[in-house]
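Chain IDs A, B, C and D follow the sequence of writing; residue 1 opens each chain.
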Amino acid sequence: MIVVMQKGCSAEAIYNLMERIKGDGYDVHLSEGEERTIVGVVGHSPTPLKEENYSSMPEVEKVLRVTAPYKLASYDFHPNDTLVPLNGTLLGGEKVLVVAGPCSVESREQIIETAHAVKEAGATALRGGAFKPRTSPYSFQGHGEDGLKWMAEAREQTGLPIVTEVMSSELVPLVAEYADVLQVGARNMQNFHLLNACGESQQTVLLKRGMSSKLEDLLMAAEYVLSHGNSRVILCERGIRTFETATRNTFDLGAIPALQQMTHLPVVADPSHATGKWEYVEPVARGAVAAGADGLLLEVHLQPDKALSDGRQSLTPKRFRQLMENVRQVAQAIGRDA
Amino acid sequence: MIVVMQKGCSAEAIYNLMERIKGDGYDVHLSEGEERTIVGVVGHSPTPLKEENYSSMPEVEKVLRVTAPYKLASYDFHPNDTLVPLNGTLLGGEKVLVVAGPCSVESREQIIETAHAVKEAGATALRGGAFKPRTSPYSFQGHGEDGLKWMAEAREQTGLPIVTEVMSSELVPLVAEYADVLQVGARNMQNFHLLNACGESQQTVLLKRGMSSKLEDLLMAAEYVLSHGNSRVILCERGIRTFETATRNTFDLGAIPALQQMTHLPVVADPSHATGKWEYVEPVARGAVAAGADGLLLEVHLQPDKALSDGRQSLTPKRFRQLMENVRQVAQAIGRDA
Amino acid sequence: MIVVMQKGCSAEAIYNLMERIKGDGYDVHLSEGEERTIVGVVGHSPTPLKEENYSSMPEVEKVLRVTAPYKLASYDFHPNDTLVPLNGTLLGGEKVLVVAGPCSVESREQIIETAHAVKEAGATALRGGAFKPRTSPYSFQGHGEDGLKWMAEAREQTGLPIVTEVMSSELVPLVAEYADVLQVGARNMQNFHLLNACGESQQTVLLKRGMSSKLEDLLMAAEYVLSHGNSRVILCERGIRTFETATRNTFDLGAIPALQQMTHLPVVADPSHATGKWEYVEPVARGAVAAGADGLLLEVHLQPDKALSDGRQSLTPKRFRQLMENVRQVAQAIGRDA
Amino acid sequence: MIVVMQKGCSAEAIYNLMERIKGDGYDVHLSEGEERTIVGVVGHSPTPLKEENYSSMPEVEKVLRVTAPYKLASYDFHPNDTLVPLNGTLLGGEKVLVVAGPCSVESREQIIETAHAVKEAGATALRGGAFKPRTSPYSFQGHGEDGLKWMAEAREQTGLPIVTEVMSSELVPLVAEYADVLQVGARNMQNFHLLNACGESQQTVLLKRGMSSKLEDLLMAAEYVLSHGNSRVILCERGIRTFETATRNTFDLGAIPALQQMTHLPVVADPSHATGKWEYVEPVARGAVAAGADGLLLEVHLQPDKALSDGRQSLTPKRFRQLMENVRQVAQAIGRDA
């Protein structure tokens, strides 16, 4: 970490800063330039190194980070890629895995029929929401535990593991009883109680990027889960909020190679939430896979025009089958499979 | 609500849409233009009116809202301004109220001494964090219930009501035992479990705008609290996330008059989190009050350079006194007081 | 266009609005709902239909568009895809075309050697900047006409057509003398004098999306060129500015299918400017092609670490060859070629 | 400037970097930490110091700036505040100056009558557009030189200096013949030819912040003007583009104190374009002045509902008079006048 002092700062300010740094257990590396004095914070110490330790010291102009604030999520700590087991295969490995299903679990029949349909088309896991975070209190909020039970029945029949959202820390034990993968939604990406509870559960966690989260924030959120010794974390790019309104969110394609450079955790993409329109889902799915995504999260509904939520962005089973075929071609073109 | 059909849509698609609308209990108003057929959804029905009901019907191009999706938060429902009682006065009334205190409650002595200092300078309430949402799991996470107890002691000595953050639904009962105002942080603005729990608590709620929340989203979040019959909701503009990095967030000044046109709820401003630098706090505080904010939320620390969090944006008690004086002048210039 | 009146608006306001609409040559379609009165503007008239015509009328709450504001760029006007001739083939057709070359033309030798290298690897056209828009007045501003001459020489030797930026309307005649395609940069996307001059030139125009431009804005900018009878316009997604800093800009993958739904004009992608780092260029290039981009714009430099601009995002000729091969695989996987 | 090397970088990479730095005329300051080697670039040299010089060298992880990239706009270069003469007083001095007038000059009568009205209410200068940058080619594009002549006539009658936009470098001589202040619009903030032409003109320049421009970008644009020896530059915050749609743009209040800390140039605010609705203009104007803005740019129209552009955000002369009174109160509350 590097502390840049204000122009013409006093010797006292430098001295006080150096004392503070040493008090935190770090060494000091002083560089007095013609324009600015720069104080390097080097070495190791149990005290976490944070900008805020020094940024409010007198006559400090700014603090620049040299290393990333996340540790367990970085290659520095874990030089090999993390592979997350899912349905007998490994997410992050050669195969591009596809998690598909409805936005909301609407009925027992619906989820079971959908599970069969997506399995047949080649999906690796089943998604479906039992507890739904809805912008409006007047929207359908999900069937709760009934939804989880119906999903479990679908799993029994198809063998597909279940990916479902958990919205609150106190629901983690209940949801973890049924689900194979705990999904943390974009709106909860910085719900730290929830992240801690997911970490403690030791279950696989699919962590969606928040709508206004930098990749660094996403990795810091992953760090909460990882810090409980739970290393099975899947990151998900699902679009960020920008000024553009032609799509529901803005799918940040560069996030895929950037995350792969920043972290050893696998990265999947959610083209349904990113675009908000089913016509755009397949092109974005193909693009994400071509750019290196390890998997896809896709909304499939038997009758999108009757869906209780997100119908506009849901694929019919028929369109999903088509997508799977096309995505497979793209995956093979880059030396993977789907 | 208005449904715009695709160019050259079929009669069947229009018919099906009309049937769907009637099935939802609404009347249809058809307008066949030369370029597009437009279907108006009019009348009243117990079925909530949502874009998604119709946007995924075949041959629908788009759905346009005519009225706002929030109800209880709107003037349509509640034509008079809501005034929220705080420390014997009314937030939303003539006086601009100031809530001040440290980011984190760091010790019993700290919070008590700060409470006296801010009271003396004219603050109406004391803020302080006992449970802290921190981007990094390695940062100080707050003293928890001890912090709440120390705040309660500070209230006993000074008479200042307590504003403090509650981070999770299961903590609402505990925090509500000590706090006068439950603060919902920006990262939790769409934590719907938490909003429901705050609504049920019937305690005053200070709801901070999420970093990527439109004003409409903020009002929908308020709607969650209001829908439990809890009308004491205070909205807080605290800056949004944009591409600008010169300030920690971007303080959206236009949000103040816009919210005052959209809702009857009082609106306060948090210049500390918006700017991230204490030098900018006073100008932004003056600006927010001049634009009509009903109150301010300000971080004050006895020794900002030793703060465990947010020291860079904290005012010393001395600077806070100066700010109070200057803000009072501005409030009086627009016919209010502070 | 639909005008929503304020709740409880006066008959006079409605009357005045109707008179204004009729005065503009349109018909009125009135719908008095229980909550709001809605006035439809229908029919045809030579007066362009703009929100602002009616949004400032008394007691008007808001104006909603039914049809897009762009015409010539839309399928309504031009139902077939536009194919732009480039080097004996058609951009927008089956083949994915690649335009490659250095950010800046740095010397005669450099551009000629680069032209040979990119041609050999399969590029369809040569890019290079002779006039450079630089954020800093202290940065290299380009070799001007000399650069154009050197590019023309490179074209003579390789047969590759030239794509180069024109920064100002008064430079259009000069640049058009040498260039095959006039590039309008992101910072100039709403430089309307320049757009008009490019339109008048009747030369092919490559129009880059502005950093804060919605797709609708991009199409309105294209409309300026098209309105001069110049239909050879190529749109380019090159990343938008958001809060994310891990990449130079945020590549908006959904923009590709969205534009293809909104307009008949071909769409290319610029992964170099979108990401700012050469390591991310190939994944993003593959992703853009998989999502349906008609072409790519890529920065290639003989010695990126010695480049006068944008070295960090430039590919070496060797890496470019590798990229071409991999992109070709992806193109073939979706039934195209590259 | 600080260059951070990749973890475990080679001695050769460090050596080559050091040679490059020395070749640029700078000194090297090496710091080998346990985690990363850091190379400081210190001293002075005629070669401008840019990140890109070193960021594409092998094994470089990132380059961090210590000092700002703008020079002439900074206090380092010009320690005293710049005061810009306007109508016999100084912008940047004690008085808050107000520039008012219509968005477009629509007729001789209109601009003259408006000039009298705004003068009477206390405006210091007259604004009005003769050349209009319009998103749509189908919108009114301004009266051109006729508009300038009518403004000159209005100046003759009222003594108010003229502020008007110049859209293209080749128009600078014409516009400069009539105008007292050349306005560069948000969409042209990085039209570097235009900035150079304005710099050369030696006339006062009002530079509007681009919709997606960081404050640093705005200062780099100012640097273009300043580098021609033209120091009369006024900066204007007019709202940036974000995801929020309740206002036309997002007025960034923190930009005012931030700019005042970063530069000696005066800063004015444009609440009309920032908000897009006349009801929000006065609150935002009061807020900007309370936060320290040196002036205001306001749209005033005799009959906003008949305006050819921007009627929705225009004040009537009556409302403008009221605003002037209220803004004056706020200015006096912070020890200034208006």
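Everything below uses one rule, namely that contacts are C-beta pairs under 8 Å (C-beta built on N, C-alpha and C of every residue); 3 or more make two chains touch, one makes a residue touch a chain.
Keep in mind it's a predicted model, so treat the numbers as computed, not measured.
S.K.: Scan B-C, C-D or A-C for the interface that duplicates A-D, counting it as a duplicate when over half of the contact pairs agree by residue number.
M.R.: The pair repeating the interface of A-D is B-C.
S.K.: Hey, which chain ends up farthest from chain D, C-alpha centres compared?
M.R.: Here the answer is chain A, farthest from chain D.
S.K.: Centroid from C-alpha atoms only, then distance chain B to chain D, rounded to Å. What do you get?
M.R.: Measuring from centre to centre gives 31 Å for this pair.
S.K.: I'd like to verify one number: the distance from the centre of chain A to the centre of chain B, where each centre is the average of its C-alpha atoms, in whole angstrom.
M.R.: 26
S.K.: Please compute the C-alpha centroid of chain B, do the same for chain C, then give the distance between them in whole Å.
M.R.: 38
S.K.: Using the touch definition from the top, which residues of chain D touch two or more other chains?
M.R.: Within chain D, the residues that touch at least two other chains are 212, 240-243, 245.
S.K.: For chain B, which residues are in contact with chain D within the complex?
M.R.: Within the complex, chain B contacts chain D at residues 212, 214-216, 239-240, 242-247, 250-258, 261-262, 274-275, 279-280, 283-284, 286-292, 326, 329-330, 332-334.
S.K.: If you look only at chain A, which of its residues touch chain B in the complex?
M.R.: The touching residues are 48, 50, 52, 55-58, 69, 133-139, 167-171, 187-188, 190-194, 210-212, 217, 220, 223-224, 227, 240-241, 304-305, 307, 309-312, 314.
S.K.: Can you name the residues of chain A that touch chain D in the complex?
M.R.: Those residues of chain A that touch chain D are 2, 4, 7, 29, 31, 33-36, 38, 40, 42-44, 64, 66-67, 76, 241-243, 245.
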